[in-house]
Amino acid sequence: MVKEILTLIFTPILAFFVGIFLLGFKRKMVARIHRRYGPPLHQPLLDIIKLLSKKENISHGVMFDLGPVMYVGAAILTVLFLPIPGFKQLTPFGDLIAFLYIMVIGSLGMALGAGESGNPNASIGIARALTLMLGYELPLIIAGNTLVIKYGTTDLYKFMTLQSGFHWNLFLLPLTAIAGFIATYGAMGEHPFDVVVAPQEVATGPMVEYGGKHLGLLMIGMAISTYIETGFFVILFLGGGANILTFILKQLGVIIVMTLFDTVFPRFRIENAVRYFWRWPTLIALVGLLIVYIGGK
Amino acid sequence: MNFSLLMILLTPFFGGLLAYAASALHKSVRNIFFLIFMLIPFVELPVYLNKTVDNFYYLTILGQNLSLGINPLSSMMLLLFTLIFFLSSIFMMFEFNDRGEEGDLAVLELSFLEGAVFGVLLARDILTFFIFFELMAVLVFFLVGKGYKEAHTAQMKYITWALIGANSMLAAIVLLLFKAGNIGYTEIAGYLSTAPTSIVLVTFILFAIGFLIEASIMPFHVWTPITYAEAPDSVSVVLASVVKKVGLYLFALFAFSLFGLNLFSKLLPQVLNNSLVMYILQWIGALTIIIGTFIAIVQEDAKKILAWSSVAQSGYILLGLSLGTPLGVAGGLLHIINHSIFKGLLFFVVGGVIYRTGTKNLPELGGLIKKMPVSFISMLLGIIAVAGIPPLNGFNSKYLIYEALIQKNEPILLTIALLGGTGSFMYVYRLIHSIFLGQLHEEHESVREVPLIMQIPMIVLALLALLFGVLPGIPMYFVSKVEAFLGLDPIKYNLTGFPEQPGLHAGNVPVISITFVAGLVVAGLLFYLLPRARKVHQLDNYYAGEVLTKDVKYNYSFGFYSFFDDIIAPFNKWSVESVYESFVGFIKTAGDYLRRVYTGNLETYVSFGVILLVIFSLIYILGGILW
Amino acid sequence: MVNPGNPTLLVVLPLFFAFLSIIISPFAKKVIKFVPLVVSAINLIVIYFIGLKVTSGQIVIGGTAGLMPPYSINLAVDKFNFVIVLLVNVLGLLISFYNIFYVKEEPVDKFHILFTLLIMSASWISVTGDLFNVFVAFEVLSLSSFGLVGFMRNSDAIEAGFKYVVLGILAGSFILLGVVLVYAMTGTLNMAHIADKLQTISTLQKLIPFIFIFFGLAVEGALFPVNSWLPDAHPAAPSGVSAMLSGIVTTTAIYAIIRVIVTIFNYSAFIPYLFIIALLTLAFGEIAAFYQKDLKRMLAYSTIGQTGLFVLAFSVGTEASISASLTQMINHSVSKAIIFLTAGIMIEAAKSRNIDDLKGFGRKNILTSIVFVFAALSLIGVPPFFGFFTKFAILQSLLDFPGFLGYFAFGLVLIMAIVEGVYFYRVFRVLFAPIDKEFEKVNDWLVVAPFILVLILVLMSSKPMYVLNFTSTVANQLVQRTIYLTSVLGGMK
């Protein structure tokens, strides 16, 4: 019991550091692909410390302040509903469906805060973010449903345990896994789906007015989110992990494969992004669903 | 004191007449009577909360005994509706404050509408409910007419559909009376259990048409957007939270109590473990969800967004109810309660905004968060509830429906429902952003928060949404009673959520809420321990080197989701509305041709007469010779 | 003294008053206004006494020339007659009250004299037991209504009046022809006696005279396809007259048709054709009404449609359907009269018959509009008004009609109810819309008559079973025609 509670408290911190590591690794890898050295692995941590220690910050109002707070708070909440090897965390209280909704709370808080900033760029960015969400959620939902049908449960911890050994869904349901992978791309805002941020178009979108400690908090949240999204994919399709190290290794694997694609692609426009999501990934996921549905019957 | 059902039924009518009479004295006297009589049902109802009364004869017509009755389903809805009516009457007092005689009539009509709704809920035979149902339509027609500019179009659309629904139901009622010989619910149920399939099917479809029109399910929803949007705001609340639910209540009552799932499975072929008609209804519900959501996203009028959102949420309820399983029906019933609360809340907030700013057009609003903070918080809670995010009440009912879909092994429907949920984030955010966030327009500089009394409806509903969200056991108490009444095995629940049971993974909303609060505390501590932020003026904003001035409108509001519009543009062409328009056009041309028979030309008439005369004379003469 | 329950009084007294008025009209113009009122009032007293006897099941016979039928012209009042003549005179009473204040065009006194004759002839048709009487009364009815329709003497009225005259005279000639043929066949003009004699004559031979009489009466009775004069005449006439035409004249003509079909000819073979005619009347009437922008024209087409409806109910042929049809007739007469009277008030105020010009009337004149709304809702058949129960009864009886046609009629009636509802609600919407312009002030007394009628309507709505039970006894008595025959002919045998 005490162990459980201690793990609960410890997990966000773990998630934060793993997220930092993953983000840093990504930057390093991108740099190496670009044939340069790149920043050190712990660069994101340094960035955050710098931002948090800024003496002067601006704010546009209470909601503006609450945006990053809600984002981080929700990230902490979400990470506690994600099981890690050996520990259920809070999964007995919320399953896959609840998780899908909990994931959104942070974005909502962030969206409200950004809206309060009064900058049209932020609003455009958020509109795009929400539209993109509609896009990638479709294949993601179909993929999730396929898994639910296959395993007959919606509990995330069970997803992990039922794939033990090497019965990864990646091998058993390759189509679904591919669809889920592409969807996760959109969720993480990687190229070619980074239209939300789009530095050259909307001046980083929602974060345009955020600086200083606000931005620092946002980056903390982003680190935890990276952990969450990669962790989600790992749990659903890569069999979780026997212990925490394999788990992190798998997350790293996800990041590596993603970055490989990320560096090569330019940016989709938002209409094209959503159309794309609703075409190929959805089709692939539907085929995967059909296979499981008919096979299961 | 023992209140008879008839007394409960007549209270609102009496109250309305009294208030109208009192308006001759003074407006405030009228308001006092109005509000008092809206409160009285709260006193009268608790007696019946645990009872089921079946036959309270009150009239004999056409050889049939009309009766009233109450059961868990009706009492649950009666309580809910009394609350909504009371809150909208508070709102109506403000809304119609300077509209003189119109306000008096509106008070009368709203009270009578409450009475008519009570009549439908308390009915125990098919004639009573129809009488009050039609009465409801008449009253809504007149109430809607007091609304905004396009209200007259809304009125005609509404009444055409209401009449179609009413006559469809009347056909079924006459048919049933003809075959069964009795109008009581129990007698009809008894007849239907042994009736031939054609009768069961025909009457069910005819009834369903009537109910689904009222519940604004596709493809009968075309009257809803314009009517909800153009009606006066207090009436919109009643339309979305009460009138629509009456249709769904009747649907639930008839499908489960009068017809019965067993009857359907006996008579109709099974598709994927559902009887055919239920399966079709599930798909209709799912399509309503997704199409309603998508159209809501691209609206520019605040009330239209809410109207289309209502259409979509009706789809959820229909989907849940037509699943037929304890989980699904619980989800549908719970969503009826939740939707009434949060949709009413949103309409109240928007109504308050309109009251203060005079416009409901989203591009014209913005930045009101500083001026109307209470409204903002209420709307925030409301939109979280609509989107179905914990810890508000929308999550619980949607959760049940999703889990029910999983239990029934219907992944495509589940996908559509979940996608609808995601889509709702979009329009919900649009609503709050375009009204409260962003740039404050110059003309709204002097806008204040709505009057304190007017804030009561918003605050009450917001708190209720939060309470029912965190402690779903409270509404589930009623829902499980209703499930038992409808003949289903009630699902297990406790005060804080749903324990693990077959088909349902445990869900515990307080845990989610507490964790979230903990997370917020951590983040907040981090935030506030760091140096304070300096508040800057809204115009002090990054805009690529330009300097922003007050008269520039840089709010991103019009065409918020124009890119989404482009994506769904090809599908927009197949709108249900255009189908009806072309159908109406066809009828008009046909009618026009028919009408020309009356040429107005005297010569034609007379020659016709003369020809007749000649023909018959010939027949007579020839007949005389021949025979 | 004179038996107050003698139906002959219903004919004689009004005629006397009418001629009296003509004589004294040069001297006492102001008094003439009240003559129709007085006449209807007296009639109602007579009817009351008749009613006492009729409701207990008797058939009241009024002989003339001191002889009993069939040697003399007689009047006979059974329950059916009673209902009709009661309706005629109640409406006549209240409408004449309305007319006192409404008619302002000269020559006012002639209007009221013609109106008295209208009441007289309508009552006469309703109580007579002689076929040729029907023709005579019909001619008087036509003549008085010709004059009343064209009373306003504007281009509309003259055109409508002319069309009406031509078709009315044509109709009268048809009836005369039919009556003559019947006389040739049977040798008598007494209804009961004819009925007796006709039983032995073949169906085919009866056909031609029947068709003539039927079509002649159908002209007045607004049946398709001979009702084309109606949409012109009703709007052009002053509103009091339109109310009378829709409420009384058409109903009396339909009564006559029913009497001819059931009692005299006993022509059940004709019923299916009547069904089709009624269906067509209903459909054409309602659809045409939907397109109208002129309020009174719309109401005229609505009358056509409603007539189709209750004739449809009648032609199902069962006792229940006849009862339903009769109830609907009552509902229509009363409601349509109210509607025309209030429409008259509205048109006076707005100085236009166009519906859109009435915008906002309801907001200033709530009483008149509520009266209009109540009557219209009863006409459409919205519960809890009386019209709902009549509509329900009709729908029930339609299901008794065998075969596909019954279901078709059932569906058509419902669809036409939707159409009807839409065009009336359209008027409601306009009435309560925001006000555009100023309305003229109208005489407050005008609203009294429709108001009283609406009270009657509300009374009927609250106790619909009284009326429905009574009409089923009427239908019962009607179907058992032998009672009628023996009562009337009892004098001979």
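The letters A, B and C name the chains in turn, as written, and every chain counts its residues from 1.
Quick note on the criterion: a contact is a pair of C-beta atoms (placed from the backbone, for glycine too) under 8 Å apart; a residue touches a chain by one contact, two chains touch by 3 or more.
What you see is a predicted model; the values in this text were computed from it and never measured.
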item: Most centrally placed chain - per-chain CA mean versus overall CA mean; value: B
item: Most widely separated chain from subunit C, with each centre as the mean of CA atoms; value: A
item: Centroid spacing, where centroids are CA-atom means, of subunit A and subunit B in whole angstrom; value: 37
item: Centre-of-Cα separation between subunit C and subunit A, whole angstrom; value: 79
item: Where subunit B and subunit C are represented by their mean Cα positions, the distance between them in whole Å; value: 44
item: Interface hub residues of subunit A, defined as touching at least two other chains; value: none
item: Sites on subunit C at which at least two other chains make contact; value: none
item: Two or more partner chains touched - positions in subunit B; value: none
item: Interfacial residue positions of subunit B with respect to subunit C in the complex; value: 60-62, 101-102, 105, 130-132, 134-135, 138, 141-142, 145, 152, 155-156, 159-160, 163-164, 167-168, 170-171, 174-175, 177-178, 591-592, 594-595, 597-600, 602, 604-606, 608-609, 612-613, 616, 619-620, 623, 627
item: Partner subunit B, residues of subunit C touching it in the complex; value: 162-163, 166-167, 170, 174, 181, 204-205, 208, 211-212, 215, 225-226, 228-229, 231-232, 283-284, 287-288, 290-291, 363, 366, 377, 382-384, 388-389, 392-393, 395-396, 399, 410-411, 414-415, 417-418, 421-422, 425-426, 428-429, 432-433, 464-465, 468
item: Partner subunit A, residues of subunit B touching it in the complex; value: 367, 369-370, 380, 384, 387-390, 395, 399, 402-403, 406, 409, 411, 414-415, 418-419, 421-423, 425-426, 429-430, 432-433, 437-439, 497, 500, 505-508, 511-512, 515-524, 526-527, 530-536, 538, 540-544, 554-557, 560-561, 563-564, 566-567
item: Residues on subunit A engaged by subunit B in the complex (per definition of touch); value: 12, 52, 54-61, 63, 65, 68-77, 80, 90, 92-95, 97-98, 100-102, 104-105, 108, 111-112, 115-121, 123-124, 126-128, 130-131, 133-134, 137-138, 141-142, 145-146, 148-149, 153-155, 203, 208-209, 212-214, 217, 220, 269-271, 274-275, 289, 293
